[in-house]
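Report on the structure given below.
Labels run A, B, C and D following the written order; every chain starts at residue 1.
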Amino acid sequence: MFIHETTVRVLYADTDKAGVVYYGNYLRFFERGRTEYFRALGRSYADFEKMGILLTVVEVHARYHAPARYDERVVIRTWISRVTRTRIEFGYELLNDEGRKLCEGTTLLGCIGAETMRPAALPEEMMAMVKDKVVAAEKTR
Amino acid sequence: MFIHETTVRVLYADTDKAGVVYYGNYLRFFERGRTEYFRALGRSYADFEKMGILLTVVEVHARYHAPARYDERVVIRTWISRVTRTRIEFGYELLNDEGRKLCEGTTLLGCIGAETMRPAALPEEMMAMVKDKVVAAEKTR
Amino acid sequence: MFIHETTVRVLYADTDKAGVVYYGNYLRFFERGRTEYFRALGRSYADFEKMGILLTVVEVHARYHAPARYDERVVIRTWISRVTRTRIEFGYELLNDEGRKLCEGTTLLGCIGAETMRPAALPEEMMAMVKDKVVAAEKTR
Amino acid sequence: MFIHETTVRVLYADTDKAGVVYYGNYLRFFERGRTEYFRALGRSYADFEKMGILLTVVEVHARYHAPARYDERVVIRTWISRVTRTRIEFGYELLNDEGRKLCEGTTLLGCIGAETMRPAALPEEMMAMVKDKVVAAEKTR
């Protein structure tokens, strides 16, 4: 079990005319979360790509609880919620500085071979690294 | 029952280094779909905002089937899948020129008062306009 | 001499918390302008890429005169302001529906070989297509 | 004289199908640079907005020297290159980890009153804070 935390600061670029982060830009925050998750375990996602695979997003789900505002620091909590031989699902929770939940979501990623562009097994090294890190949904707090 | 169709052309700006549309940018396409849906019914979403309400995204779900590529024309099919007194759910299906399904998704929007920033009933005019347009999930093809 | 016009509608995704288009997103509008410019001449930029070249942006300049607002239709006027053996400069002018100038700018693009990633001559076909279309700065109105 | 440095890590979201950062997304990096510049001096830009002003971008210039790549750490060097009663110009230089210059640019910002939406003097506190920090063009290295 492992939950990673990183922080981003909301830019004008992230906001829309409602004065808060545009709903699509949370997916950018999710990406930052999962990228830094891998790095925290000692291997960057870019390293895995050099092994000849890509992780492509197969499915996304997000629930928006409260708006993230300009210049606010947002904590991105990231964990792995599920792993199979070819797929890996990340869970996310975004909180503001007062610990208020702003957004939660999941992204399901499928491993594909960079040459074949067809489903492939997760690299062994990735599997070894993450298999004991999976967090059950009810344990994310 | 009403399904709206509009078309976008994929820009470099939409793509990422995998050579295809970045997963977060499909939410931009969804926004275009629902904006043009309202316009096709004779009222722009901007008109509704002038009535003192906002529709904020409460929940998003997307499934990615095949990548949308640079310079490809993407058809965005948009319909309303559910309406309650304070919420409206849009369904989307994105197809390429050959009719291949690229992505499907839903966005649940909640109506809030622009001044109170609290849940509010959908404007009567919006409700009158959409209530007989709802498309059951199994009827989207 | 040739000036191309195309139109975009401003989305929430384009705006920021000031209620107007984010300054960086005008570069997306510039991209749309130059892409549709080529298509209007009968060849897509994607076609030229298939010939083994890339046009990379070397320099950008933009002046912002008045904000583009949500749901506004923006006319993008695009022309070629300069061509050399390896470079091509586009000029842009963005207007709203009342003809008010919102933004003007230029992008200088350098041709590079997709394999060598080094400067290369513009494809002959591109050169033949654009050489008599160049518009002197004082002739853009 | 003061030159501020901050670092960003390139995400998939920042890149385009050429495998490098999309030219428009450098303007996002510029925004991060100037926002953190103010914070480093002890006042956030958000603080100044609370005083009733906005800084809107009047002009942008950028020169692209070498592409920023996925997962690369980019150093953003930011300084003030010019100040008048109502305007402030920032200079930027982006470097990769090896110190190679990726991009340089300037943004000219005009101060406007948030209520009047007309040109206004920079807040006295901002002026006091920045007036001795201006860096002449030839002194940025």
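Note that a residue touches a chain if its C-beta (ideal position, glycine included) is under 8 Å from a C-beta of that chain, and two chains touch if they have at least 3 such contacts.
Keep in mind it's a predicted model, so treat the numbers as computed, not measured.
J.: Interface overlap for chain B and chain C, more than half of numbers shared or less than half: same or different?
T.: same
J.: Quick one: which chain's Cα centre is the longest way from chain C's?
T.: For chain C, the chain whose C-alpha mean is farthest off is A.
J.: Approximately how many whole Å separate the CA-defined centres of chain C and chain D?
T.: Distance between chain centres: 24 Å.
J.: Can you work out the whole-Å distance between the CA centroids of chain A and chain D?
T.: Computed value for the inter-centroid distance: 28 Å.
J.: When you check chain B against every other chain, which residues touch at least two of them?
T.: If we look for residues of chain B contacting two or more partner chains, we find 12-13, 18, 24, 27-28, 31, 70.
J.: Which residues of chain A touch chain D once you look at their complex with the stated criterion?
T.: 9, 11-13, 27-28, 31-32, 35, 44-46, 70-71
J.: For the complex, which residues does chain C have touching chain A?
T.: Listed in rising order, the residues are 12-13, 15-20, 22, 24, 70.
J.: Quick one: which bits of chain C touch chain D in the complex? Just the residue numbers, please.
T.: 18, 23-25, 27-28, 31, 54, 56-64, 67, 107
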